[in-house]
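Heads up, the next two complexes both have subunit A, just with different partners, subunit B and then subunit C.
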Partner chain A sequence: MEIGYYPGCALHGSSNDYDASLRTCLRALDVHLRELDDWICCGATAAHSLNHKLAVALPARNLAIAERDGLRSLLAPCPMCSMELLKARQAIAGDARLRGEMAAVVELPVEGTTDVCNLIQVFQRVGLDTIKAAVTSPLDSLKAACYYGCLLTRPPDVVRFDDAEHPSSMETIVEALGAKTVRWNYATECCGAGMTIANDAIVLDLAHKILANAEAHGANCVVTACPMCHANLDMKQADVERHAGAAHGMVVYYLSDLVGLALGLPEQALGIDRHFVRERTGIRNQESGARRPAAPAPES
Partner chain B sequence: MSHTPSAAARSAVGHDPFAHIAVRDCYQCGKCTAGCPVADRMDTVPNQIVRLVQVGRTDAAIRTRAIWDCVSCQTCTTRCPKSVDCAAVMDALRQVSFESGVAATPARRTLLFQKAFLQNVRRNGRLNELELIAVFKTTAFLGDLSVPLLFKDAMLAPKMRARGKLHLVGKKVRDRRVVDRIFARCLNPKGHAVPITEG
Partner chain C sequence: MARIGVFTCWCGENIARTVDVDRVSAEVSALPGVRCSVNYKYMCSDPGQTMIRDKIASERLTAVVVAACSPHMHLKTFRKAGQSAGLNPYMVEMANVREHCSWVHHDRARATAKAIDIIRTLVHKVRYNHPLEPIRVPVTRRALIVGGGVAGIQAALDIADAGYEVVMVERDPSIGGKMAGLSETFPTLDCSQCILTPRMVEVGQHPRIRLHTYSEVEAVNGYVGNFTVTIRKKARYVDIDKCTGCGDCWNACPLKKNLSEFDYGMGYRRAIYMPFPQAVPARPVIDKTVCPKLIRNGCGLCEKKCQAKAINFKDEDRLVTEQVGSVVVATGYQLYDIGREQKNPRLTGYAEYGYGTYKDVIDGLQFERLLSASGPTGGVVKRPSDGAEPKTVVFISCVGSRDNAKGLAYCSKICCMYTAKHTMLYKHKVHDGQAHVFYMDIRAGGKGYEEFVRRAIEQDGAHYYRGRVSKITEENGKLVVRGADTLAGTPVTIEADLVVLASAMRPSDGVSELAQKLNVGYDEFGFLLESHPKLRPVETNAAGVFIAGACQAPKDIPEAVAQASAAASKVAVMFAGTELTREPEVATINELTCAACFTCLRGCAYHAIDKAEVKVPGGVKRVARVNPGLCMGCGTCVALCPSKSADLEGFSEQQIYAMVESLGAGELAAP
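== the complex of A and B ==
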């Protein structure tokens, strides 16, 4: 299967472990990623907060490039990018006047026909049976809290994915890898996302509640499919612990990390060695857990 | 009761920023506020913000800190029984605040950050994280002389570097001039928008 790839700024920056993870994992599942040529930033929160037209135009430029290059499907593994692309696509596809205006603004014709998907949807396309058949190291000892955050399922009219209040698509995949999943309360709560730089008290509070709730429901790891969720829960976890006066030591994986590990792919190729919070002894089963000696959590 | 935003809001962004939002449908059930992850720190909670817009008090709404505390998680919009796009109300108010240069003082930092983010994208086509943080911290420091902000996350930098997560020179877009033109076309509709480089 070939699919267009819009990495977005985070995956080319501090979340390059996510980029490595999904590239390695999807390659093993015979999914070929064709990176969108000369893609630009989607504008993220800054654009939709400050200028409505820009918030449509920046994603529209990327949709136009995809259409020009014949990419019918585009994986945007960052839910923020994904949502912005889908929102722009919806607006453009349903409004001839806007299509004309945007074509002039972004200097390329744009119809809004590209299918934009998130990482979970790519795994769904690969198929649960195919993934199950490829598992060589079942993740028996994992009890995962699947964390969707805000924009994977919201707003539902835009992203049209899973159930906005009780999503289960990630659990289905994680359980197919042999892991257990927990029922918990913060699966779709926001982590504060991009507020981490300008107003990090918000992020530290929210991240603490998420990690504490996962822990209280018996999870030994959190799984995410979002670079910002991962940064706030993993990279900032030591700050969260200091801020809240509580120890978490919670390992946070990208969904593609877990699929990759179950497929027997090495941690380094998946970028797991670049995470901040390291796995504790005995969380993963013997075959995969033996790859690295136990390290104290959180980060060294 | 007026159902239209103030003329000032309209003139600030060059159009009626609430035209696509069914603000008048809100019957104040408070579900938006109940689900908001940051309502407890807001000076004016989401249903009150919607109310201010309903009665035409956008001038008061853009002065709240709440619109900049909002994390745009879309929970309010998702749960509204009347399909009022509350998150879009927050966006519209931030846009009016930005264009008219009126914002609550404690929100200044967040606004500065969003501005620096867009300037960065305009220059590079993609976000250069290090450059963004450097520019944001410098401008924020010049504004409020906050030393803690300058050093916030400083301990994180060497750890990020050790993990290959810091890029001194980011990958830029080849056709950066087209990005600049896109910004120019969006930021100055009918001459209402102020240039993004101005404070």
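== the complex of A and C ==
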């Protein structure tokens, strides 16, 4: 299966561990990623809070490139990116006048026909049975709290993915890897996202609640499919612990990390060794791959 | 040759303003067969009708066309007028020049031309009319009531008290329906059981009511006035004639922990049980899915204890048939079973409220059982998880209702009222407790209803928040309810001990299958369709079948009772005579040309066509035959018949062709 790949700024920057993880993992599942040529920023929160037209034009340029290059499907692993792309696609597809206007702005014709998907959807397309069959190291000591964050399922009429308030698609995949999942309370709560820059006390409070709740429901790791969530829960975890005066030590995986580990791929190749919170001993059955001796110390 | 009179009505200004009625009369008078063509300001008035009668006599008219409003409005009026002048009423036709012409056009010249076209078609049609006689069918003066809730009970008693026999079929082991399980009723707070159980007993003892409980309608055959109903009496394993209802059997039954259907899972019952103490009939039933004797020939204690020898483990489902003349469907409602596996993909929302996962998230009917003096807690409010008295209770209205995104579009109508009632009853029992209500709008239309809600807020101190709840989670033994107060513009988080969901009302399971057996329509949500939403609210499009209560739409007790009495009066009107007359505009089949392909039979939505045999020289010929008692005159068979053997009285192919041809042949008098 070949699929277009829109990494977005995060996966080329602060979250390059996510990029490594999903590239390694998808390659093993015979999914070939074709990175979108000369892609630009999706606009994120900045564009849609300032200028509606810009918020459509930025993702529209990316959609136009995908259409030009014949990419029917486009994986946008960052939920913010995929939401912005889907929102622009919806606006363009339903409005001929806007289509014309955007074609002029982005200097390419754009129809809004590209199928934009998130990482979970790619795994769904690979198929649960294929994944199950490829598992070599079942993750049976993991009890995962699947964390969707605020954007993966929302806004429901834009992303049209799973049940917005009570999703279960990630659990299905994680359970196929032999891991257990927990029912917990914060699966679709906000982690504070970009507030981490402007007002990090909000993020620290929210992240503490999320981590504490996962722990209280018996989880020994949190699984996410969002670079922002991962940053706030993993990179910030030392700050969260200091702020809340509580020890969490909660490992935070990307969904592709878990699939990769279950397929027996080495941690290093999956970028897990670049996570800040290291795995507590004994939560996984076996060592897989070489580990770097120590994680880089959190910058504080 | 027909002698036709055309009478054009001005309808005051309604027609005459846009249509030049004098020109119409003049042009129409030249059409073939027209002997007189006049117009008048109000043709439906007494002088107008007199004019028609006089002209029929003086011009010796054999057919009449009245060009006026819709035939739905006045066809009966003019047919009666024609009849009183000695004409067969079916020789009178109407040309609709108001709804179809003057009301929808502005250009006077073109509207006049169109009116002439319309009238011309009817003049050509009426030439081929022939006298028809109303169809008379005998009536079995016995009614079937499906459903023994408050609506069914009311209808049954009204019909029986009018002197007619009633057969009541109830799916559950006892009649009483949802109302039997309610605590107190709004807006007067009178005890639900206290007002219902005497009515239940009346039904049980009424000499003209035959009760089939724990039974379902298996099949319905026949037509208005003459239905044959097959009823499945489910195996009860107790002979209700021998049984005295003493209770020795269920007191002996060792299987105590079966969730009680009557308590909506809030309490337990035995494997042999009476659903509730005031049940009618006051006879137990054995749950064959749990009884050890029925599963593996174990136990059998109840049989040993029963002195009346009423237990019969060999009991089987039995089919009985009843002859009835009309049917009242009163199958009621159920609540939207949120957050559980649903067959209908439309009903998968709201898992985030944790119903079915958190024990202390319950629905309105379950809370009724916690409030009820006869309930599993004896009327003491105890939460299901640990039996503690809840000090903070959150009520959420519109769960599943008024929600196009993940629920049902309609308003369930009663939830605003019963939620207000719940907060009051709760406060009356837990004085130091606090009720919180999340609502969209408070809909309290009805006598004393708004005052009732104000009482809940002002006297009993319920906190109302206008907003929705996004999620309910459980933390540290509390239910954390997170919602919005849109009037204050703030998010609200309440740590509650108990959450009560006012879930949407839906028609009972199985009602669409029943509707199909009865040829009654239902809407996208499964509610049964009335004939006309305003003027025929209890009739259905199936002649002789009436509806009452929440099977038609969400409604409260007073409305359900009113509708039940209305349905009963319709039945009584039908039973007042020994035979029924039906419009003769039904399909006929020419048995000489019928090729017995039975395409019509398969296409008939009303099952009005049967296979029949006729004697012909040299043997017997199979033909299709229309049952005029069932035929609704829709014309589907006429369109389907490959040999053109089917035709419709009053709308024959000849008549329709004449109308169409007259349009083409006529000099379309365009300006």
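In this text, the second predicted complex is superposed on the first by the 285 of 300 C-alpha atoms of A that agree within 3 Å, B and C clash if a C-alpha of one lies under 4 Å from a C-alpha of the other, contacts with A are read in each partner's own complex, and residues count from 1 in each chain.
Just so we're on the same page, a contact is a pair of C-beta atoms (placed from the backbone, for glycine too) under 8 Å apart; a residue touches a chain by one contact, two chains touch by 3 or more.
Because the structure is predicted, anything quoted here is derived from the model rather than measured.
Participant: So, on subunit A, is it clash or fit between subunit B and subunit C?
Facilitator: Result for subunit B and subunit C: clash.
Participant: Based on the superposed arrangement, let me know which partner A:136 touches: subunit B (first), subunit C (second), both, or neither?
Facilitator: neither
Participant: Looking at A:195, would you say it contacts subunit B, subunit C, both, or neither? Reply first, second, both or neither.
Facilitator: A:195 contacts subunit B only, not subunit C.
Participant: So which one touches more of the residues on subunit A, subunit B or subunit C?
Facilitator: Here the partner covering more residues of subunit A is B.
Participant: State whether A:213 touches subunit B only (first), subunit C only (second), both chains, or neither.
Facilitator: After superposition on chain A, A:213 lies in contact with subunit C alone.
Participant: Identify the partner contact of A:113: answer first if only subunit B is touched, second if only subunit C is, both if each is, neither if none is.
Facilitator: neither
Participant: Of the partners subunit B and subunit C, which touch A:268 in the superposed model: first, second, both, neither?
Facilitator: In the superposed model, A:268 contacts neither subunit B nor subunit C.
Participant: Quick check on the superposed pair: does A:38 touch subunit B, subunit C, both, or neither? Answer first, second, both or neither.
Facilitator: The first partner, subunit B, only.
Participant: In the superposed arrangement, which partner chain does A:166 touch: subunit B (first), subunit C (second), both, or neither?
Facilitator: The second partner, subunit C, only.
Participant: A:185 in the overlay: touching subunit B, subunit C, both, or neither? Say first, second, both or neither.
Facilitator: In the superposition, A:185 touches subunit C alone.
Participant: Among 23-31, 59-67 or 149-157, indicate the stretch of subunit B whose C-alpha atoms run into subunit C.
Facilitator: 23-31
Participant: Check subunit A for residues that touch subunit B in one structure and subunit C in the other, and list them.
Facilitator: Residues common to the subunit A contacts of subunit C and of subunit B are 156, 165, 188, listed in rising order.
Participant: Okay, in this complex, where on subunit C does subunit A touch?
Facilitator: 348-352, 357, 405, 470-471, 473-475, 480
Participant: In their complex, what parts of subunit B are in touch with subunit A?
Facilitator: Spelled out, the residues of subunit B in touch with subunit A are 13, 17, 37-38, 41, 68-69, 71-75, 77-78, 85, 87, 91-92, 94-95, 98, 109-110, 112-115, 117-118, 121, 125-129, 132-133, 136, 152-153, 156, 159-160, 163-167, 170-171, 173-175, 178-179, 181-183, 185-187, 189, 193, 196.
Participant: If we count contacts the way the header does, which residues on subunit A are in touch with subunit B in the complex?
Facilitator: Listed in rising order, the residues are 9-10, 12-17, 38-41, 43-55, 57-58, 61, 104-107, 150-151, 154-156, 164-165, 188-190, 192-193, 195, 197-200, 202, 206, 235, 239, 274, 276, 299.
Participant: Which of the residues in subunit A end up touching subunit C in this complex?
Facilitator: These residues of subunit A touch subunit C: 156-157, 163, 165-166, 183, 185-186, 188, 213, 216.
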